[in-house]
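Consider the two complexes below, in which chain A is the common component and chain B and chain C are the respective partners.
Moving on to the complex of A and B:
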């Protein structure tokens, strides 16, 4: 069997179909049937708006928000920060997910060749003034590269608020919980010192409500994608989630509603004979949009993934009554996802991914890690072992946020999708 | 043979015997019932472990020993064949490969399986993944000690309390369970007092490099000097004796106006005094060292010799505050310092040790060290006005040691230093 996937033979002119700025897929594959339809109509208009927000590396919407409100805007790196705290203090949290396919001119001079791409594009964005609208940056504890970037940011941008967010690796409320509570309080004090409103319980409860509403919409969309992935293709859902990194949460929630309604109303979104896969490993540096499209065109329905995980780090709602800081702490300790950047104390590595595969009725796993990503790549042998124990087919490849050629990945994913379909058929 | 030579041989011989005896005891754990605990060099809690009569096993030390003994290439290949990425830390892959090849330690005897994995998560994210991987290999308990990073360059009360609470509520109970012994704080205090004595002498030895000529090489020689205190022996009487003897030897070299010992014996004229940032390469350690000593270059201060403790910044283990002092020790290790603090330290070394420049040996395996080093280099150069050099290698993967390339870069850098001295170079 040759690679190339289930997108083959579906007609089209052989062009890659990627839009401007998405990167060429390098595949000569036609767009998957349904993709063009999915991109049209009201849902297409929402997706186009979100794509523009994602690709605006100079953060025009954030600048406009600051002009309109006079508030502070603070950036944060993947994966998780307690955005509710910033929101409650009138600060706009702005997720920074690297520079995508932007040309790197100065950022490369700060990093050796064996370090991943996201810090170099982030430095580039800082140095070229794209992030000058941000009053500060938060660097959560996810790996040594992002950790050290916090120190670099202190040296490069001495006037800005820079905080390393040392999330606890101890999940006992009396230890890690006390520590995390202190970190949250200390963050709030730093923000207040920069002119933000002091953190008050009432405002924080309101913010928790706003983010709970947003998380519920996202969970609903994820569920819809698991059920009917043709209605919510991942290349759309991804940019809709990316828009949430720069928009105020209330606006993003409204946008999620708009997208869902439009996607459900679109009669042209019909099922195809694609393989259902979970894509895992891309939680920090994000793959190019062209790569996500390539996987779909190669015959995969992505029914679960790790993209833009800040929206999904907390699995359920945060309690809205009582002590709101304590509620955020408890949510982090007791209801966050099993993640490569977290110490997994009790469960066996990979169990959560296997459960996600089962819940999403996926037929296989695509390990899709950024090159030189320590958390993902060190995790991978253990997760692969768990997936193999569960008898789930898998394949893997690496990417960089500025990867421009997807031919090899398309062939690999296509072959994988084909083999799943053949294998599933043989078992039937 | 001179008296000094006899003394030198005595400290070296003592270290050799200490290590050999340690590995002998480890190999006999199955028969003797002695317990062992796997942990890491940065943030190691040796005094605490030994207060439970447990023997420490340091996977990084095993990996670097494998590198020096020419074993790491095969071990890494074995791990990569089993699905470990070529992109990640080679210490980890070397350790996994060694385990799957029989877990034979540096003395040729098999290492025991751990009775406890004590994950002191200090200054290196990979540590966390490494012990998750080892947990898959061994059927044994694991205890995690999360050591907060000095993101703002300080240790706060909240950070200290967090670590102390974990020591009291998690680590000590886990050690009690693994060893079957009760926590003995008096014994811990005794161990800590011995640590402080050894630390005094180690600092004296490291700071002897302020003299001209320096009687020591604080990087290539330094890795031998830190051996006992960074590994299994902090808090032991053997360590106290070793460092006392070592200090006497260096005092003697100083009195005689001698430079450091090199792979070819005593060093000749001291032509360059340099500060080095980053770990050494272990697979071609001697060849690497000779690239310096052949040029008359002496490393007068290094950051690698601070990964297991920044004693020269004044920290000493304090027996009067046993758990607090362990917490502060962990948080003060070099790779737990933020980048501005690391730059401050490097600039201070260049000034205080009258160095001619800073060299960064950037190792592929270690993002904790390497990410940000190019900015650090420029900052130190800007502050001190001294030329900085940059080379790349790896810890234990011989595929990433390009001798010709490194030698070329070093020679160019030494030429830059000379030009700078003679007023040229335009820096």
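Moving on to the complex of A and C:
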């Protein structure tokens, strides 16, 4: 079914024996017992708390934080914003990752049918009052659709702070660096004008420290997952990371510690014979939790992914001494991940993914992009080419954040996992 | 390791029954079935049935739990908490089909809700497939519904169908609408054997199209529960003959266990491969 480097596209003709065929109407399979075991105990309690935070589209925890502190809360679309700046000014950064499976009533009127789902649900959340606790929204440069959404937001919510965060695509400090420094300063001034504390170097250094600590914990968890994926199943790690979109960073760091300790102490987490895969392409619109569970139940250990990527956009620590704004600028220019929303020479696209596959000892790649996600899908052919050059098996499918039926994906991922386990290294 | 005997178990959790096979392999092509069981779900919890049937099959095989080198699940068996690994149904039916019928290069797997024809090579590598669409038309569940309407048992329908002398053409194989069809036939006084044969012919036509569409040639093994229905298998053979097809339809008394057998055999393959890499999994068979 799969020879090294041979891809398995989405076609339903069944010719390769790995395609989805026509079949399947069921939703996710019944909960796997391994999953139930993993969901029990202290780790299960942390995961349940995080899941509740993720599913609370009205942002109850943010409202409570505002009541408690009187501070501003500013939303941002996924991918990257310099959260340290908001934190240093006493503002709670709140990641808005769409509406999941919520029913879209008004959001559809704003976008054509060939546009992805996240802007519709974000508009819906704005119009139904779910986001009224936010004092502003930041729209990082992800794609034209999100740029368009920032314009709509300005018109729909004229009293709120709305910024389109253009990011440098020239990584020379004397060009892109100057630009990004100006953007950061300008953002800080906008926040201060709304009542936030003025940006001060000391506070920003403290914030960088707080986010560095958070990123280190996440890197540790990622490393643990690469080493022993059964101890940190991705359907758990995903919701733990999602919780970090709405919690103050210090609380999230403590929660990461709590989860790691509980997961390591759980004796029921034992290894299964599963194929190790990297899931890539889902960095903005997030897949439904059921899809992640489906991939794992279908026989895949997800050992690396692009989910909730804001936590991992900067690969290492930001320097904690010296000029903190300059340190944030240099981190963005020099230590960001390779990403479809970031300029990369076309000849080098896919190199970092191949390196991630090697580093995580993955046996295959699942391209899992949101339907109509331009950045992911436009890059995919070039990344696939790199993956194929490296002899790495892959398959691909698309999703929408409100996808509710996973049977076809289950079959595709299941046959892909089988092909890796049984035929990798065999003669075609 | 590859030359040592190994005992593995396969658990096939289907929509209406759980099948378990315990196999012994020697890593040099020697494969032997130690025990095999099939238990209908009867509205019980599938995972509880799986555990119970596994225990029974294990006892029947004479193997101790500690001797099981790999517990492989297939079908809807991802939830079995003592599994070592899971394989997709198409993969396991190909392998089980090859074990039961070494000459087979295609399998028609008739499940309770879906039917699929798959092509394979001499190593049970799936080369292509065709599958029915989302509904349960013409599936094992459809046959079960028919037996309820006609007041016969599943075991009786095959011999009854073979006794037909004037099969009544069945206009629909929709699992939902068939009731009306069958009631009409009964009220028109059509004998049960002729009703059953007509239904079998309708199903066989559908299955044959899957087989032909997949491009099968040579021996095709029928797997899944309905493989034990001699009337259905005969109708499929007749359909192939009527189409001057290059396929030879065969069944096997253990066809219902093909998925479980295939899972156990692939489990043995994986256990050996992992052992060669020094990656033996702990907890295999730790039910």
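Criterion: the second predicted complex is superposed on the first by the 388 of 428 C-alpha atoms of A that agree within 3 Å, B and C clash if a C-alpha of one lies under 4 Å from a C-alpha of the other, contacts with A are read in each partner's own complex, and residues count from 1 in each chain.
Convention: contacts are C-beta pairs under 8 Å (C-beta built on N, C-alpha and C of every residue); 3 or more make two chains touch, one makes a residue touch a chain.
All of these numbers come straight from a predicted model, not from anything done at the bench.
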Request  = Examine A:111 and indicate which partner it touches, taking first as chain B and second as chain C; both and neither are also allowed.
outcome  = first
Message = I'd like to know which partner A:261 touches here: chain B for first, chain C for second, both or neither.
response = neither
Request  = See if chain A has more residues touched by chain B or by chain C, and give me that chain.
outcome  = B
First, second, both or neither for A:418, with chain B first and chain C second = second
Inquiry  = On the A-aligned overlay, A:144 touches which partner chain: chain B = first, chain C = second, or both, or neither?
reply    = first
Task = Kindly classify A:200 by the partners it touches after superposition: chain B alone (first), chain C alone (second), both, or neither?
result = neither
Message = Applying the document's definition of touch, where does A:176 land relative to chain B and chain C: first, second, both, or neither?
response = first
Inquiry  = Let me test your reading of the model: by the given contact rule, A:371 touches which partner, first (chain B), second (chain C), both or neither?
reply    = first
Residues of chain A that lie at the interface with chain B and also at the interface with chain C = none
Message = Can you tell me which positions in chain B touch chain A when the two form their complex?
response = 82-85, 87-89, 92, 119, 121, 124-126, 128-130, 132-133, 136, 144, 146, 148-149, 151-152, 158-159, 161-162, 165-166, 169-170, 338-340, 342-343, 362, 364, 367-368, 370-375, 379, 392
Message = Considering only the defined contacts, which chain C positions touch chain A in the complex?
response = 46-47, 70, 76, 78-88, 90-91, 114, 116, 118-119, 123, 125-134, 214, 266, 269-270, 274, 281-283, 286
Inquiry  = With touch defined as at the start, can you tell me which chain A residues reach chain B in the complex?
reply    = 109-112, 114-115, 119, 139, 141-145, 147-152, 154-156, 163-164, 166, 168-170, 172, 174-176, 178-179, 182-183, 186, 340-341, 343-345, 349, 369, 371-375, 377-382, 384-385, 398
Ask   = Which residues of chain A touch chain C in the complex?
value = 1, 14-17, 21-25, 29-34, 36-37, 270-274, 297-299, 411, 414-415, 417-418, 421-423, 426
